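Consider the two complexes below, in which subunit A is the common component and subunit B and subunit C are the respective partners.
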Partner chain A sequence: MAGKNDLDSSKKSKAPPKMGFSDLAKREERLALRLLLPALLIILLIAFYPLAQVFYTSFTDRVFASGEETNFIGFDNYRRLLSVHVTELEPVLDETTGQQLTDPDSGEKVFERPLDILPREPVRYRELNQFNLFGKRYVIGATDTNFIESVQNTLTFTVISVFIELVLGLVIALVVNSKFRFRGSMRAAMLVPWAVITVVSARMWEWMLAPSRIGMFNALFDRLGIIESPIAFLASGGYQLSALIAVDVWKTTPFMALLILAGLQIMPEDIFEAAEIDGAGKIRQFFMITLPLLKPAIAVALIFRTLDALRVFDIFQVMLGQSTYSMASYNYFQLIGNRNMGLASAIGVIIFILIFVFAVSYIRMLGVDEE
Partner chain B sequence: MKKGAGIFNLIKRIAFNLMIIFILVYLLFPFYWAVNSSLKTESQLFMTPATAVPRDPVTLEFSPTFQNYTTVLQDGQFLRGLANSTIVATSTTVLALVAGSFAAFALGKLRFRGRKPALYLILAMTMFPQVTVLTGLYAVITALGLSARISMIFSYMIFTLPFTTWVLTAFFKELPDALMESAQVDGATPFQTFRRILLPLTAPALVTTGLLAFIAAWNEYLFALTFTSIDPAARTVPVAIAYFTGAVARQEPFGEIMAAATLVTVPLVVLVLIFQRRIVAGLTAGAVKG
Partner chain C sequence: MLKRNWMFGFVLLLAALTLLVVGCGEPEEVVDDPEVVEPDEVVITVAAGAVGMELELTRDLAEMYSEANEGVTVNVLDTPDMVEDRLGLYLQFFEAQSSEVDVYQIDVIWPGDLAEHFVDLYEYGAGAVADDHFPAIVENNTVDGRLVGIPWFTDAGLLYYRTDLLEKYELDAPQTWDELEEYAQIIQDGEREENPDFWGFVWQGNAYEGLTCDALEWIASNDGGTIIEPEGVITINNPNAIEIVDQAAGWVGTISPEGVTTMAEEESRAVWHAGNAAFMRNWPYAYATSMADDSAVAGVFDVSPLPAGKSGSGAATLGGWQLAVSKYSENPEIAADVALFMASHEGQKYRAVEGTFNPTIMDLYDDPDVLEAAPFFGSLYDVFINAVARPSTVTAPQYAAVSELFYNAVHDVLTGQKNAADAFEELELDLQDLTGFPVE
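After this line comes the complex of A and B, so read on.
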């Protein structure tokens, strides 16, 4: 709000002589509303009802595609999704010696079984994870471990893939922005990964990552002698997330690169000429001029990439099926598989809130909405 | 001294070219693999180890097949899908660019109350996963009685409009205010300023945004699948491909899917190559000399 006053005074100075200040401000305001009208109408027409419905349904037990009566159940869906319980696991003692028992097979110390001590009421808690702190063993339980895991998966996926995409996208954009002969073709080639239909691209990668030598990667690694036996990249465990991150980075780096490239292209060249004359080196120019001027382009690219990554659905659904969920693919499973529309809507709202937090922090950090 | 600089430049050029080759291989290799797979028969696809070009399983001679392509092209669904996708993605892009650039002009260059709420409202529209809004959207579309193609165009606004608006707002804001002021002094109406100054100066951003939005609409699957369920004639390419059935029952026609992917991607990229210069040139034509 502080900006408003000096804004107004600056407006006064640019107003044509005969026009009063408030007159001009009003005209500008009216023009702005007229310009925003189409976008706002579209939002009202197409987005308002579905979004309002999601919020409302998230507080009910509505069943998808059925005539069953819907009840208002307050925060129950949210409670079921988000309830987490941490509790200490007592060591199991040998009755005669009073020492903690060790497992004869693995040699590990024995603790209580998490299932015995995690709460069962009102909903049963399942084990999510165990950890050690100050020599004590704790267990984390959750009422919906699948959902909590899907949040962890999605966040890990988002942070790593968006970061790699930003770095790669920046490098590619800088390379393509320098003048060379095949620059136009290069820019078109850059579109290829983004242009391959997402669902098809997921199938393509699934094929390339096949767990035997019919897959490109296993055939290649085998030829190079890197691996002893084929790797099951997409099987539960180790490589799943890394494989999906690699696929996503390939597919969407062009998005990042093209937006950054557009930012580079509208930069006025005389700034660089001036810097050249001032004797600033290339690296100095990059950090002092290019990067700050690129900030708005990078910011919007980051916002939309992060938003997309947090909603990631296609590649999890196609490549991992039901073995590992992202938030959105768990959402899909609850809606279509379990027909639990109330719960699915609550997942949607949680995703919305998470995305909102990310978006606002980017906007604040990068100063996008500053005047 | 001079000779040293020459060698240094040579190394720099080689390094630069290596970099370009590396980037190209990284971006294009998976697509090459799709093309490669599209030229293989069922039995060639399942050869171990996988071959980098289609080879005869016995003699290992180079032997591509075009069977997948003929099958795909004879499939009426696929060609109709191409037409549908073109109509839907083009309309989506035009609508998102027009509404988005108007809104972005207001949000990026005009002063008015409610600017920030409007920005956030537009972004909030795209913060839900598609699955979540699907049922509500379906209800809206049924209530309004929209056809499948029109429903797709409007529902794609959910992810394209916030994108075009935000990107263009960011780019418009970067342009110096002095440009607009001098146009105003010259007696230009705000709309003329927008058309003659803002649009040409941000032409590369406009084209890029349009392209990215076009492809996002082109690739969309879930909405298209839902809204065309009652009108199969309106199916877009991704849905048509999903409905491919193999010659052998229950076996997925992987070669055909890859052939379809190739047939869809290559023309798209060639069109981009042809058009990008023209669009930029066309937009820049009316620009004022800074």
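After this line comes the complex of A and C, so read on.
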């Protein structure tokens, strides 16, 4: 890394040649190192020690809040979380005709039941999903379907909510960046949702989404005549994730807007004036100037939000409890509900690795470190 | 200039929010603050529930004790309504071996799991009063000969019904689930004309411990066993259990709101309390709240045993809470004294009269004051002593996991993701894997 930088700077030849200063530079380096030492020690103590502890616990069967003896069990926790098994489902044939049976109610073809096909030893695989490929039916089984589903839920939640927040945040930032009266109070007011404690806002939304006309949405839809009977937003699979995404977008779009606004404010006015003179329209200006210049700000905002969204806990826990999990709320359930600290630690490690991968690939993709 | 404006606005907003937060702080906080307490005073903290009038009554008892015993201040820590969340909070105190909480209100399903964190109350004089309580509950709270919790109040599922509506539609209190279904539909159809928010029957259908209680009642009343029998045999996958759970799934969206699958005790009580339901399944505490001034159903409701299925008689899940003293308490003797006071004849009577919490002391069921406040204590005495226990003793320390598998399986059936036959076939395998018990 250092070598590459040296090469770069010598090519540009703007920086003074480093030879002759090497002694001073070395001394400064040493001083810098010594000054950094306390900070490094603190980081080691407060970040690496607990992390190492979690790594270690993830290889044991430790029980939370208990004096029971702990055993080392190797990779068992990881095997239980991540084992996936794909197998083909044979069609069920009619004994007399040899044709595949069809379900009289739905008219769909009948296949073997995954419950009978998936392996049960040494641990049971539960049905996760089914899919068709080249006219054959396959089933995906997993030893811990709750965990795999929690990963799917979290990723879906993250991708959709961060995307919507980015688009809305950009629009809002552009609006409050233009000059109008009460701009200051507008900017302050826009931050209100973000300033509300997440658990409080989750409870608030829970009431607004209540499955009777007590809930604002059901009352509104009912008044408008859109629905026949109240919708139970938080009860059924289809609405659950969309409701949570809506809450998250409401809550964190202001934060996204704030970060992008910061990027907009450092933009020099004269470029736009020049573009104006050159005859570029507003839309062209946006795509040719604003957006490229905003890239670093957007990158930072995206990283912040994505990493945050991957760790989402409070709104899942408050609004969905044990019925649908995010990675973090499943982690919490395994630790507190089941008191399975070993398994919970393994989940923690997997979340850590996932987020790490996301962070590194983001930084690579958006080239943040070069700016 | 504009930038300053913005900053100014932001500061204003922050100031407003701070004021809001300060304004919302409860006045009790000042009393609870340990700093106001004299230096040589002992502070005992009781972690207690806050369902219905619970918290208020616990605070009253704490005050009574503090007044009678100079030098002791009893604080009450309010804890989450959902059993899972409350257990989570307790476990964090135990993991840290914290002395912050001295007395814990624990569920009837916990003594086996948490025994290692509590003192033996027999060592603190509980032997003198243990025989006054229901023997079954004392036995439940005794782990390896140690009394880990003194029974505080017992619970059993009851059917609440609207006497005025039954009269209006010329019906009697339902004796079977089929009757309940039929009556609920009749009343709902009739009331809907004026009140579009009206439902026939509300209960606890969220995926949590409460659903285990409700579903166990359906299944036990239909001769479907108790999930895992006390002798360690898994019985959940049987036709009677499957039949009644499929029937219950049919209530969702017909006589019960779609949202019943997100309701816990207090959510279902809210619907009932506002006069928007003909029937409700709930615990005895709802009797006192339903009689309150702000209740739309005061004076026009009554309670009965839950309806019967195939077995011919209704079943009620045994609930109830105990008081346990933490092993990590700095003053276990005083803490035990507080617990024994709250669970004493006097303490239980106060809670029974003020809040219709079922005493665990047998004599109190003959007490005229108690019977005046809650007449059903006398008439439903059999329901309370014959309540069906959840399989917590036989599966300890894995009951939480057993219950989670069970209520999620039932929840899947209620929300229409599976039928009961498939759900219970799979549940049976899961329970086998988890507990290692044989199947019937």
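Things worth noting here:
Definition applied: the second predicted complex is superposed on the first by the 328 of 371 C-alpha atoms of A that agree within 3 Å, B and C clash if a C-alpha of one lies under 4 Å from a C-alpha of the other, contacts with A are read in each partner's own complex, and residues count from 1 in each chain.
Everything that follows uses one rule, which is that contacts are C-beta pairs under 8 Å (C-beta built on N, C-alpha and C of every residue); 3 or more make two chains touch, one makes a residue touch a chain.
As the structure is a prediction and not an experimental result, all values here were calculated from the model.
With both structures placed on the common chain, the touch criterion links A:Ile355 to subunit B but leaves subunit C unconnected. In the superposed pair of complexes, A:Phe64 makes contact with subunit B and with subunit C alike.
When the shared chain is aligned, no partner comes close enough to touch A:Asp103: not subunit B, not subunit C. Looking at the shared chain after the overlay, A:Glu276 reaches neither subunit B nor subunit C. Counted by residues of subunit A touched, the larger count belongs to B, out of subunit B and subunit C.
Shared-chain residue A:Asp23: touches no atom of subunit B or subunit C. Of the two partner chains, subunit B and subunit C are each touched by A:Ala189.
Residue contacts after overlaying the shared chain place A:Glu88 against neither subunit B nor subunit C.
In the superposition on chain A, A:Ile347 makes contact with subunit B only, not with subunit C.
Across the superposed pair, subunit B and subunit C both touch subunit A at residues 64, 184-185, 187-189, 191-192, 195, 212-214, 222, 332, 336.
The residues of subunit A lying in touch with subunit C in their complex are 64-67, 115, 120, 123-124, 126, 179, 183-185, 187-189, 191-192, 195, 210-214, 222, 229-232, 234-237, 321-323, 332-333, 336-339. Residue ranges of subunit C in contact with subunit A, taken from their complex: 2, 5-10, 12-14, 17, 82, 84, 87-88, 91-92, 94-95, 116-117, 196-197, 206-208, 253, 257-259, 261-262, 270-271, 276, 397, 400-401, 404, 407-408, 411, 415, 417, 422, 425-426, 429-430, 433.
Touching subunit A in their complex are the following residues of subunit B: 16, 19-20, 23-24, 26-28, 30-31, 33-34, 37, 45-50, 95, 98-100, 102-103, 105-107, 110-113, 115-116, 118-119, 121-137, 139-140, 144, 154-155, 157-158, 161, 163, 165-167, 170-171, 173-174, 181, 184-185, 190, 201-202, 204-205, 207-209, 211-212, 215, 218-219, 221-222, 237-238, 241-242, 254, 257-258, 260-261, 264-265, 268-270, 272-273, 276-277, 290.
Put simply, subunit A touches subunit B in their complex at residues 7, 11, 14, 16, 25, 28-29, 31-33, 35-36, 38-40, 42-43, 45-47, 49-54, 64, 172, 175, 178, 180, 184-201, 203-205, 207-208, 212-216, 218-219, 222-223, 250, 253-255, 258-259, 261-263, 265-266, 268, 293, 296-297, 299-300, 303-304, 307, 311, 313-314, 327-328, 331-332, 335-336, 341, 344-345, 347-348, 351-352, 355-356, 359, 368-369.
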